[in-house]
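Sharing a structure, written as structure tokens. Questions coming.
All chains are identified by letter, namely A, B and C, in their written order; residue positions are counted from 1 within each chain.
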Amino acid sequence: MEADHASLGEQMYRDMERLYPLCRSLTGAGVRDTFAILREIAPIQLQEIPSGTKAFDWVVPPEWTVRDAYIADDSGECIVDFKKHNLHLVGYSEPFEGTLSLAELQPHLHSLPEQPDVIPYVTSYYARRWGFCLPDRQRQQLTEQTYRVKVDTKLGPGSMTIGDLVIPGTSQEEILISTYICHPSMANNELSGPVLAATLAHELISRPHHYYTYRFVWVPETIGAIVYLSRHLDKLKAHVKAGYVITCVGDPGPFSYLQTRLGGTLVDKITAHVLQHLAGDYRSYSWLDRGSDERHYCWPGVDLPVGSLMRTKYGEYPEYHTSADDLSFVTPEALAGSYQMYLRCFEALEANRCYRCKTLGEPQLGRYGLYPTLSTRESGLAARQLVDLLAYSDGHHDLLAIADKLGKPIWELQSSVQKLMKAGLLEEVRRGSHRS
Amino acid sequence: MEADHASLGEQMYRDMERLYPLCRSLTGAGVRDTFAILREIAPIQLQEIPSGTKAFDWVVPPEWTVRDAYIADDSGECIVDFKKHNLHLVGYSEPFEGTLSLAELQPHLHSLPEQPDVIPYVTSYYARRWGFCLPDRQRQQLTEQTYRVKVDTKLGPGSMTIGDLVIPGTSQEEILISTYICHPSMANNELSGPVLAATLAHELISRPHHYYTYRFVWVPETIGAIVYLSRHLDKLKAHVKAGYVITCVGDPGPFSYLQTRLGGTLVDKITAHVLQHLAGDYRSYSWLDRGSDERHYCWPGVDLPVGSLMRTKYGEYPEYHTSADDLSFVTPEALAGSYQMYLRCFEALEANRCYRCKTLGEPQLGRYGLYPTLSTRESGLAARQLVDLLAYSDGHHDLLAIADKLGKPIWELQSSVQKLMKAGLLEEVRRGSHRS
Amino acid sequence: MEADHASLGEQMYRDMERLYPLCRSLTGAGVRDTFAILREIAPIQLQEIPSGTKAFDWVVPPEWTVRDAYIADDSGECIVDFKKHNLHLVGYSEPFEGTLSLAELQPHLHSLPEQPDVIPYVTSYYARRWGFCLPDRQRQQLTEQTYRVKVDTKLGPGSMTIGDLVIPGTSQEEILISTYICHPSMANNELSGPVLAATLAHELISRPHHYYTYRFVWVPETIGAIVYLSRHLDKLKAHVKAGYVITCVGDPGPFSYLQTRLGGTLVDKITAHVLQHLAGDYRSYSWLDRGSDERHYCWPGVDLPVGSLMRTKYGEYPEYHTSADDLSFVTPEALAGSYQMYLRCFEALEANRCYRCKTLGEPQLGRYGLYPTLSTRESGLAARQLVDLLAYSDGHHDLLAIADKLGKPIWELQSSVQKLMKAGLLEEVRRGSHRS
């Protein structure tokens, strides 16, 4: 791994350490504090969407504020305390204060008997209730007594904060990168996503010449994506040529790719190509295994070509959606590797142009200094890649298709393309004309 | 098996017992008597086609009547007697009376050396000759003596009887079910076919709401199908969306499906789907293995999408086209199972509509009571089938395609469809618009 | 193998013996002498293309004449002598005369350390230099002394000789057969190609009725094909339906086929069909493995459907492009077998018409004497091929597709086609209408 990538991994990890304690949710101060830190990395544009705003089949919920929340036993000791871990409180819990017997308390408690030492992550965004999450081992030890419960929250008019950042390229054609910022203290899912996205945006801003316009989106999962789609649908449908939901990119597991709804789009092909060459044992998932905002981006009628490049997929590791998905579960090296893999995908997308050979019949490459002038039994092999590249540059096969045909990574063809362009033997066919 | 299906199996078997002794052929009293019994099950419409009628490349043959036919030895004993088994007489034998030596008799005898105890089934519809069929063991024991032969038949102007029954649905689109009624005393091939077809017709008449119009056809094999096609070709080509030749459905062997000429049509896909889910070890045959009226229905220029769902395919069991294909070869249980499998195919065809989700982005299913309001690690799984169904209801994938994608039988998606229609989340796309 | 094929093999071998000693190159007397002999086999039309003529990206080089060329040691003995083997001189060597030390001589010497006993084949058509080729074992024994070198050659205005022969068929649609005549004394690559092409042309001239027009082309590799293409491109693109580069057809190895650029064309399908039925263990190569004039014929923008049917492919045998590719490497039997295989391909192309059955529904084959009039359990099998042929003759499947469907070689269907045409049951669909 390159040195600057390694140090980027450390930097991302430090950013995650700062973000980790914040209590994010669909709305509220935790999201805004998160954006404040992310905006130190990249100049994200924020927008406040008022509670009650309608978007497709959804309505933006009230804003949720937590001041305090705990369960105290009859000795007055706080045995479950939001201040100790924000996962203890069910997301969007309504206010409550009272004393309850254990039997009365139980329906408000959530735990995972199969993982007795972790706090599960539970929310109730669209139905009013309150509840606490705790390790099942602790729950089993609760005795018959009177418990005092306080849920000092507020659910009222406010707004949902969403952010985006559009980095213009030479073309209006867009790559969409979406990630979510609504999960409280968990590291891989989700903090790794928004931090990696901001870091990638930072890098792309510094790169002067790129073809694609890159649109980064940070939104609360589902309602945020729905709102964003509802406000930009026509533009997104017109311009987005490929996209990714970034999530679960901080653990050291092997890479995974979740395909678009029908598969076979540019992002599916490019990502498979990159992973085949750089991450031999990656896992490929169908859209049937989806779980994040690709649900909406790929929805029929929306139909954006958005996949998801992850390391270990959500739902596939036991720490998922529990307090065990903490900072010890992610590593700087894994973050750096994910950063590198995403950049490779972007570079492959950028490289994937469509060319046409300008001669009829094989050109006389010797005239251009591209072929040995002495013809021996092996002389043809030296220039074979150049000639193959020319021979399949028929205006129909894009560079990705040619690379796949030749069994080489697309980036290894780049210098050949440059040589042939410089020699005047290859011309670029209008971008996009080779994509349907 | 459901109780009423079991009793239907018994009923079909009893119907076959009554039909078995009749001497059916392309024409004649045996066919008419057969129709009389079948019409007790379903109100088949009959039509008499005069001898000499031309149809495509064929001509309806004269009507054939058998009064008596036997071979007597020189002691006067009837050693081969049509009255004992109608397979003894070659179908469409011309009249003859005379005495012959064994050597003169031999060219008129037909037997199966490899199955020495059965009478083979032989016909000569379009070339005039006479002949007798007998077990090879008996033939080998014939001694040199004078044999008296009497074939008291009549071949003269008359008509061929064909029958059909059209059960209207809400649409003009048709399912064609064809079976044949020209074989003398054999049970699986063919009595099982016409009896099952009549029983299915009886059932469909009693079902009030079905989309498809069901057209049942009972005809002598080949010439009957040719005549029927020649009279209804334009209408059939316009309306038939799927079809079956029903034959060999009474034996207890595993199911078989013979595909349409080019394969890949609706009936091929639906039947494979049903068999995959209900009859794991079924056999699939190419149209190259054809042998019944799918020969004509799928003929180029006719091109009706007609397959054949059978149990053991004709030609694949040794009893085929011999006296051993008798009532002991078929069982009420097998008939009931075939009945059930055909109904499943019809139900799958009926269910195979094409829908479109009415929301952009995933709908908020909780609002419709279709999704848990508490979001835990498993909550998404509960409604996964509903959401997948919506997500692939894009107006292009029909329900069959979605069921295959989800790896579920189409009938298991029906209640989900109902829920989503009721919630107003799904709309039906015009039937047929998704079929080519 | 048939007797006349065997004797043709002997004849071809004798022709090769006469041609072998000639010093062919891109231009010059050796090529003209070669044509003189080939014209004894078939009436090839010759054309002289002046040096300096431009064609696509290429220019016809000056004409090259060799009068003498040798290296003599200080005792005056010729140790490397063009007169002993024309491979000793690098093709297109410029004139030179002088004395050199061993160190000065070495850069002008070419040998193969891994095959120390053979003379390699080396050329320098488009960059001026001189050089000698010799066995590496001899080269290693050269001692420090003064060597006298004489390269008495001439490079000056002249012309390049190319030849073609068009054998008209009833149609303007063409089969293109191209081979090259620029290699000095080597047998398999290349003498086997031009001799087999001439012999095939001789045979086709004697066949009166063929559908396709056969265009045979004998040209120096690359520059000759480029010139030929540049002069006939529009006509070739309009008419050529299939084509072959003939090379490496004299060794006794198994057959090989090198596919067209994108594969899947008529010539790819026909050749695979022929080889599957006649040469079980043939090898199939992608166009990525190309090496001869299919490089230009299949070039994008040219896009002629030209493959190459060989025995052991160039580059795949150690004798390739060395003095070991001599007359002992090829055999009359192998030449005869290649002749036979090419004729089979032509016959398959000729046979591959598209038919349509003239009846609706299966015809009554008994009426035409094509079906047994007695219907027994096996009677259908006898005529099965006839009926299958009719049933897939739908105006869309050509005979090749039907043969592949039935798993039979196309030539085994020919007599059935004749019977059905004679009976008036089949009609030919306009040629070409079934090809894209």
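Annotations for the structure displayed:
The rule is short, and it goes like this: a residue touches a chain if its C-beta (ideal position, glycine included) is under 8 Å from a C-beta of that chain, and two chains touch if they have at least 3 such contacts.
The structure displayed is predicted, hence computed values, not measured ones.
For the touching copies chain A and chain B, the fraction of interface residue numbers used by both falls below half; the interface is of the different-residue type. Superposing chain B on chain C by their CA atoms means rotating through 120 degrees, a value rounded to the nearest 5. Inter-chain centre distance (chain A to chain B, centres taken as mean C-alpha positions): 56 Å. Counting partner chains per residue, chain A has no residue touching two or more of them. Against chain A, in their complex, chain C makes its touches with residues 56-58, 90-91, 110, 112, 120-127, 129, 131, 222, 225-226, 229-230, 233, 261, 287-288, 291, 295-296, 298-302, 315, 320-322.
On the chain C side of its complex with chain B, the touching residues are 356-357, 359-364, 366-367, 373-377, 380, 387-388, 391-395, 405-406.
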